[in-house]
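Shared between the two complexes below is chain A, which has chain B as its partner in the first and chain C in the second.
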Partner chain A sequence: MIGLLLYLLVGVGLLVFLWVLTRRKGAPVEGCGRQFVEARQALRTLQLGLLPENLIQRIFDREDFRYVMAVSPANIGELFLQERKRISLMWVRRVRCEIRNLMRFHLNYSRLHAKLSLLTEIRLALDFALLLLACRALRILLYMRGPYGAGALVGVLTAAAGRVCAASEKSLAFLNPSALESFRRSSAGDGAAI
Partner chain B sequence: MLSLLLWPAGLLLEFALLVRSVQTKTFTKYIYFYAYISCVFVVSAGLFIGHSRLEFYEAWYWPTQFATLAFGFGVVLEVVRQALAAYPGAERFARRASCAVFVVTFCYVEWQVARRAVWPTEAATVELERDLRVVEALVLATVLAIVFYYRIEIGKNVAGMIVGFGAYVGVSLTTLALRSFLGPRFNAVWGDLQTASYFFALIVWTVALWSYSPNPKPPTTGRNDGGYDALVHGTRAQLESVRSNLRGVGGS
Partner chain C sequence: MDVLAAADDLRRRTLVEMTQPLERLIYLASTRDYNTGLYYHDGLALRFSEEAACEALAGCHREAFEELVDASLEELVHELEAYLHSTRVAPNDFIVAWKGLEPYRVAVPVGIDSLSSELVFSNLKVALAILEARLTTRTRPGASRHRSPVQ
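Entry: the complex of A and B
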């Protein structure tokens, strides 16, 4: 019976894979230039849009909540708390999304290398998966404890994401304006969007 | 009954596929795939001509079935060759992973066969075919997982090959597993489902391979074999920094 279930699992699993294949939205076949630019954009969004200290302080600062509670009725305070929770969840989701973009950059770039190492790729895939899982865990924590219940964790994640950006920036350092010009010249004209 | 209706229709589709492959000059481009179609066409036509004589049919069904099964591995090979040709890294990944899956599963099947004292009876032959279908299904699933993971874009021709052959293998495997569990009372349903799934595959192949549609060209700029170590090093550094901070998250 267990054998039968295993065979059915493999057969049905393959059919599910095929269903996913037919439903898959075709990723645009762009030049490498586009991938680099997207990775650069992900970095910029993280650095300028999501991780600036003043933005994080604004979202997670208790002072705003204390002020609202001091000058408004309790129901307004509740409403404020709900809104802040919503914003903080949105923030984590965006950070996770941009980390995924960086991951996608790695995949798009590594698949072209003939020297790609099977073990290294498996290890990296696990690492990325764990990191994304951790982001999700933080999201759950924020959801359960609210925006002011995970302040320390937010600080840690912000610092970590900042370091990721710094490291990624080094990988993409060649994408400065002068390098872009040479890149534009060498990109395939049929798909690159710089 | 359904099988008898779909059989000649399937032969016509196979013939149409082969004729189109010559017209569009894709026969040599997808040589393993068309070798499989040619093999199935010859076997199927032969069995169709002689199916009125039960002895002939019974004597030739299983040997020819195994011949087509062996040629079926050519389709899997074609899929790996075509889908990942432009991505040397992913292709190498797929080749090694597929070889590992193939060797492990095939050794298991061989071991099962060696345990039998006599040449397989019909029931054992069904089990053998089922086990070989498992190899095909697992290799195909491995290739698909790599295609999804690396977001590799595949053309209409190769997508058709994968969907058609995958559907046939998936349905065959499921019905063969049920048949070896339920026994001969499942024979009628099994035969119809097997024929219908192969007919479905033929329709998919005819539509997808009617004209030549190669895989989209991948980006070529920036391909630099020497850069992989640097890329991995950079990605590792990023992950390590994040991980060390997440350890802090866990501790706080």
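Entry: the complex of A and C
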């Protein structure tokens, strides 16, 4: 009797497992153009808006702080630190958000279109994990120690973000104008237009 | 090609007088129509075309803003001070108006990332505080006697 019950339980378990598998949404091959455009947008925002070296240097530059402390009263120094903390936290939040967008794209769609090697995929997964962890740690440090309390971690985060951007660039390379142009040229012979 | 020539002309004839990026930013933002986002400059449009003038003004506007993003706080304080003197407004009135109205918020070119603009706004806020502190330590001969509209 106990044996029968056990078999029944296993059977029900398998049925539930099958039901869950059928309910899972797979990545649709067709109609995912929007996700590619969003991923491209996230990549552009990271590369041009959030990760340029001069911008990061400006946000975390200690010279500004030294200058404020040298020429103005303490209350302005406090105002400056508050403002810089707000900006640095905003930077981390935005980087994390765009990284998550790219990660979602890689999880769902890039495997359908890009031929990434297993090693590259493992490296990418590690970089995403490192990035999300670094973002969280950086936020805590910035909250606790202010904008100048996490210099090394900023370097780690930007380096990992750079690697992820480079890998994503490869996955999305076919959306570049030059790639589109070559596709247009090759399709022109058949009278097809894109 | 027309756009490059128009931008070059704009730099040589008009912007050459404005040595500070902040001054250029405010001027170029003032040539933009708030309702359409298009830039207008009669002289430039006559010499080239309206489209080329618009593109050239937009390009120079973006350039001025990027210079402000790259500026250190010390440079920004100097720029703000130079701009204040160029306006010939009483310093206290200027600071009250800029702190209250924050006119620089409407001077951001299209397509600039919000983080860059927030960094510039934040630096300008601190730069204004530094200038204000400097003014209060000095005597105030230039202060206007009439009420500022922002007060």
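The rule we apply is simple: the second predicted complex is superposed on the first by the 121 of 194 C-alpha atoms of A that agree within 3 Å, B and C clash if a C-alpha of one lies under 4 Å from a C-alpha of the other, contacts with A are read in each partner's own complex, and residues count from 1 in each chain.
Rule of thumb we're sticking to: a residue touches a chain if its C-beta (ideal position, glycine included) is under 8 Å from a C-beta of that chain, and two chains touch if they have at least 3 such contacts.
Values in this document were obtained by computation on a predicted structure and should not be read as measured data.
After the superposition on A, what does A:Leu102 contact: first (chain B), second (chain C), both or neither?
It touches chain B, and chain C stays clear.
Which partner, once the models are overlaid, touches more of chain A's residues, chain C or chain B?
In the superposed model, B touches more residues of chain A.
If you stack the two complexes on chain A, which partner ends up touching A:Leu138: first (chain B), second (chain C), both, or neither?
first
Taking the superposition as given, does A:Leu55 touch the first partner, chain B, the second, chain C, both, or neither?
second
Given the touch rule stated above, what does A:Val20 touch, chain B (first), chain C (second), both, or neither?
After superposition on chain A, A:Val20 lies in contact with chain B alone.
Which partner chains sit in contact with A:Gly11 here, chain B, chain C, both or neither? Use first/second/both/neither.
The first partner, chain B, only.
Flag every residue of chain A that touches chain B in the complex, lowest number first.
Spelled out, the residues of chain A in touch with chain B are 4, 7-8, 10-15, 17-18, 20-22, 24, 26-27, 29-36, 102, 104, 106-118, 120-121, 124-125, 127-128, 130-131, 134, 138, 152-153, 156-157, 159-161, 163-164, 167-168, 170-171, 183, 186-188, 191-192.
In their complex, what parts of chain B are in touch with chain A?
Touch list, chain B to chain A: 87-90, 92-93, 96-97, 130, 134, 137-138, 140-141, 144-145, 147-153, 159, 162-163, 166-167, 169-174, 176-178, 181, 216-225, 227-232, 234-239, 241-246, 248-249, 252.
Which residues, counting only chain C, touch chain A once they are in their complex?
Going by the criterion above, the answer is residues 69-70, 72-74, 77, 113, 115-116, 118-119, 122-123, 125-126, 129-130, 133.
What residues of chain A sit close enough to touch chain C in their complex?
45, 48-50, 54-55, 58-59, 61, 63-64, 67-68, 71-73, 76, 79-80, 83-84, 86-87, 90-91, 94
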